[in-house]
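One chain, subunit A, links the two complexes that follow: it is found with subunit B in the first and with subunit C in the second.
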Partner chain A sequence: MKKYLAVLKNSFQANLIYRFNFFFYFLSQFISFGILFYIWTSIYYQGGKIGSYELADMIFYYLGAIFIGVVAKGMDVAWQIGDEIRMGQLNAFLLTPINYFWRKFFSFFGGMVFRSFVASLLFITGLYFLAEKFNFQFSLAKISSFLFLVFLSYLLNWLIFYIVGISTFWFGFVWALNYSVQVTANFLEGGLIPLDLLPSWLNMLNNFLPFKYIIFVPVSIFTGRLEITWSIFIIPLVWVLFLYLLAKLLFKVGLKKYEGFGG
Partner chain B sequence: MKVLAAKTKKYWRVFLLLQHVGLMNRMAYRINFFIAFFAVLSNMVFTIIFLRVIFGFVNNFSGWGYYQALVVAATFMIIDGLLWVLCSYLGSISNHIKNGSFDRFLVSPIDSQFFISFWRGDSEDSVRIITGMALLFYAIGHLSLGGEVLLFGKLFLYLILLFNGFLIAYSIFLFLRTFSFWFIDVNSLSGLGNSLFNAAKYPATIFRHKITRIIIFSVLPLAFLATVPAKILTYGFDWILVASSFLVAGIFLWMSRRFWLWGIKKYTSASG
Partner chain C sequence: MENSIISVKNLNKTYKYSSKKAGLFESAKHLFRSDDKITEAVREINFEIGAGEFVGFIGPNGAGKTTTLKMLSGILTPTSGQALVLGYKPWERKAEYQKQFALVMGQKNQLWWDLPPIESFVLHREIYEIEKSSFEKNLEELVKLLKVENVVEKPVRQLSLGERMKCELINALLHDPKVLFLDEPTIGLDVVAQKNIRDFLIKYNQEKKTTIILTSHYMRDILQLCSRVVVINLGKIVYDGLLEDLTIAYALEKIITVYFEREVSRRELEVFGEIDQFDGFKVVIKVPREKLKETAVNILSSNLPVEDIDIGEEEIEKIVRHIFAKKN
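For the complex of A and B:
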């Protein structure tokens, strides 16, 4: 465990070194939120509701979505892992007595800790000033459920893109698959629009996929639009377990195809 | 004049060659090419679903009807597609600066800005242009834009303004990327650029506050990317907007060029 903690520490420090990178990333998220704010303000200008959402609900939804986006999604796992396999850099990792999966997991986890720290400070500040406007009711159950679901969201996102990354063993280059999953995930997890506003057939399809547990479910728990039930935790946990086993299996099979060019 | 013609011919040939190499490079990973093709198509479909959901609840989006909003979205898709197909490599400037491989762009007997801008293109993104055009004609079909001659005139002007929009978008991306000469690892700048750029996907009239309206029309003239061409096409001629489009495109192209030339002076070649 000590060696993985060292990986985590290194990753945290690397994020500190490239602070400008993080600053620009954060700024881009802030701008995305600003644009969504203007879009919805303009739509609600005519008055009324969109589905069961009033303007404040919508803004609150996107605030939560951006927070999860920064914490759980602010990294390009597939791109990095895919490149290591494609360029043969995986050879060096395979020769060390450290498990590749856990090494990568803790390496990205360090970045997540760094982003969580900054994002939480801003999120809590925003919440403090806006809670009354959004009619937000603080409750320990709600906050702890939300935090646990954000953690599961991180795991789901990480595992999905880890699998995309190691599919380089078969595809040779995964930029297209990575982009494809990013685009689909962003829509089906509720990053663009709350899922309960989408057509019912799309939601029906989404029920068989893990994406909605990345943004929509955690945010809806936080905003109080979904009730806390066991299934809300069990289903994503089963997905995490399934994806973990799938990742392990694919890596094992993929290694047999790996030729280690360029390493 | 003869020298200029020869130079233009040379640059045109280099451009075609780079596009050809780019296509070959992409086709080397054929499965990826087709996956990307469908991913881009899905992205377009999601944008349309988003607009449909909005117009399922309201019949007016900041002064724009459904089909007019589709014209804005289609215009954005075309400009976005042109940027990806022609100069997607702009995004990797910081990587080249970081590992010193930017040298190759400076030592070649060709303008460095031209070379890096058109070095590689993502040919599969041509689907953005195709989908955008299909969407544009679909939307136009549902709008009454006048007789054939008037429609032809409007479309002609629209295409010119669309080109101006492309130049402005290119200049903004180049401007942002040039910061890499100072900050080295600024990969997040592409994310920042994309976030800003995405604002152009929607009618600029959504920015109701005076200050944001000024920003969107001058400091960061995203309004000229898709909203202005779409407005001229759907609402008719407005000489102030047309003249401003040319002026803004010219100023931004000139400024980004100056900034680029300043930036390359700061390049120190890390390893090469």
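For the complex of A and C:
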């Protein structure tokens, strides 16, 4: 375990190096939120509802969605892992007494811890200014469930893109696959619009997929639109376990192929 | 061989690769259909290496040197055959084995790019579970030997290639490996850095009795470091024995390249030695090692319109080709 903590420490430090880049990353998220705020305020110009969403519901939805976006999705896992396989850097990991999966996991985790700090600052600031205006109700159960679900959403997103990354073993180069999955996932997660505004057949389909637990479910807990039940924790946990096992299996099979092609 | 640290028996490795002819049309065709072809990278090789030996692997690009090292370090599984290093099958990737060897590749970077090398060293200590006292002792020794005291706290991306290579070596040696694989450790380095690394390796091998396999394109590396060489060509071992025997036979000649300001005739040059290439403005002459100085002086003090002169070693590729031609 100590070795993985050392990986975590180094990745955390490496994240501190490019402060300029980091600053702009957050600026970009801030701008996204500003744009969404502006668009939806214009759409709701005459008041009223879209589905069951009033303007306040909508704004809060995106505040939560952007927070999750930064914490759970602010990295390109598939690109990095795919590149390591494609360029042969994987070799260096194969001969060291460390597990590749966990090494990668902790090396990304450092970045997540770092992003969470700044994201929380922005989130709390946003909440402070907007909570009163939109009559937001705090509750400890709500906040702690939300934070736990955000953690699960990080795991889900990480595992999905780890799998996309290691599919390089078969496809050679997965830039476009990565992009397609990102776009599709963002939609199915509820990153574009809340999922309960989508047609019911799409939501039916979504019930069989892990995506909605990445944005829609945690955010809806935060906004109080979903009840806290056991199933909202258990289903994503089962998905995490399934994806973990799948990732392990695919890596094992893929490695055999990698060796066959010389690496 | 008794007490052999590395023993390789009938080792084979075949790769699949998808071939594509040159050209846009062929590239388009390749999108839909790829021809898998097979290449035999390593064919039926056998050798034994004893404790503390410093062995050079030489051969042209694509000969199978790196593939062999990759199998010995467990990156690749052989198609058939056996290899034991320190009693382990490398490709089982057992942690106990991994803690006893190291592989350094001149063209690959294993240090954390954005952080100073010292951070990677500390990480290495954790990964290899090295005791703090022996880690600190090793680090201090290695840093002193390689003279990188002022380097280890600068971010890797700001280091020169030579400094980085030295830090790569330190990183690889922190866990006191019993076996060390070096794949082109001096590639791309300037002459001084190459020499520093060679001097270090000589000392290290003598003091620690580490078994070392080295591949290099620089004849000088091999000449200074290895007492034994294994020559590989087209996946097969074509020579395995003392370096002396090999060099006496093949590498005794030095190469002098002379550039002229204006055209000269071949006849004017024949007196200096065997002409290898000639085009009027440039000549490549082979001379025996012991006559090098004399010949160079003769050329420079002659009436020829010499613009530049360059002295070098016979390329490894050529030596190997000679050996190969002779065997057939």
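Some observations on this one:
We take it that the second predicted complex is superposed on the first by the 258 of 263 C-alpha atoms of A that agree within 3 Å, B and C clash if a C-alpha of one lies under 4 Å from a C-alpha of the other, contacts with A are read in each partner's own complex, and residues count from 1 in each chain.
Heads up, the rule we're going with is that a residue touches a chain if its C-beta (ideal position, glycine included) is under 8 Å from a C-beta of that chain, and two chains touch if they have at least 3 such contacts.
Just so it is clear, the structure is predicted and the values come from calculations on it, not from any experiment.
By the touch criterion stated above, A:Ser32 is placed in contact with subunit B alone, subunit C being left untouched. With both structures placed on the common chain, the touch criterion links A:Thr125 to neither subunit B nor subunit C. Judged by the touch definition given at the top, the superposed model places A:Asn10 against subunit C, while subunit B stays out of reach. In the superposition on chain A, contact of A:Glu259 is made with subunit C only, not with subunit B. Look at A:Ser144: by the touch rule set out above, it reaches neither subunit B nor subunit C. More residues of subunit A are in touch with B than with the other of subunit B and subunit C. Where the contact sets of subunit A with subunit B and with subunit C meet, they give residues 18. Remark: subunit B residues 29, 31-36, 38-39, 42-43, 46, 49-50, 53-54, 57-58, 60-62, 124, 183, 185-189, 191-192, 194-196, 198-199, 202, 205-208, 212 touch subunit A in the complex. Those residues of subunit A whose C-beta lies close enough to touch subunit B in the complex are 18, 20-25, 27-29, 31-32, 35, 38-39, 41-43, 45-46, 48-51, 171-177, 179-180, 183-184, 187, 192-193, 197-199, 202. Within the complex, the subunit C residues that touch subunit A are 15-17, 41, 67, 70, 73-77, 93, 95, 98-99, 101, 103, 105, 108, 110, 112-115, 119-120, 122-123, 126-129, 155. The part of subunit A that touches subunit C in the complex is made up of residues 2-3, 5-7, 10, 13-14, 17-18, 88-89, 91-92, 94-98, 259-263.
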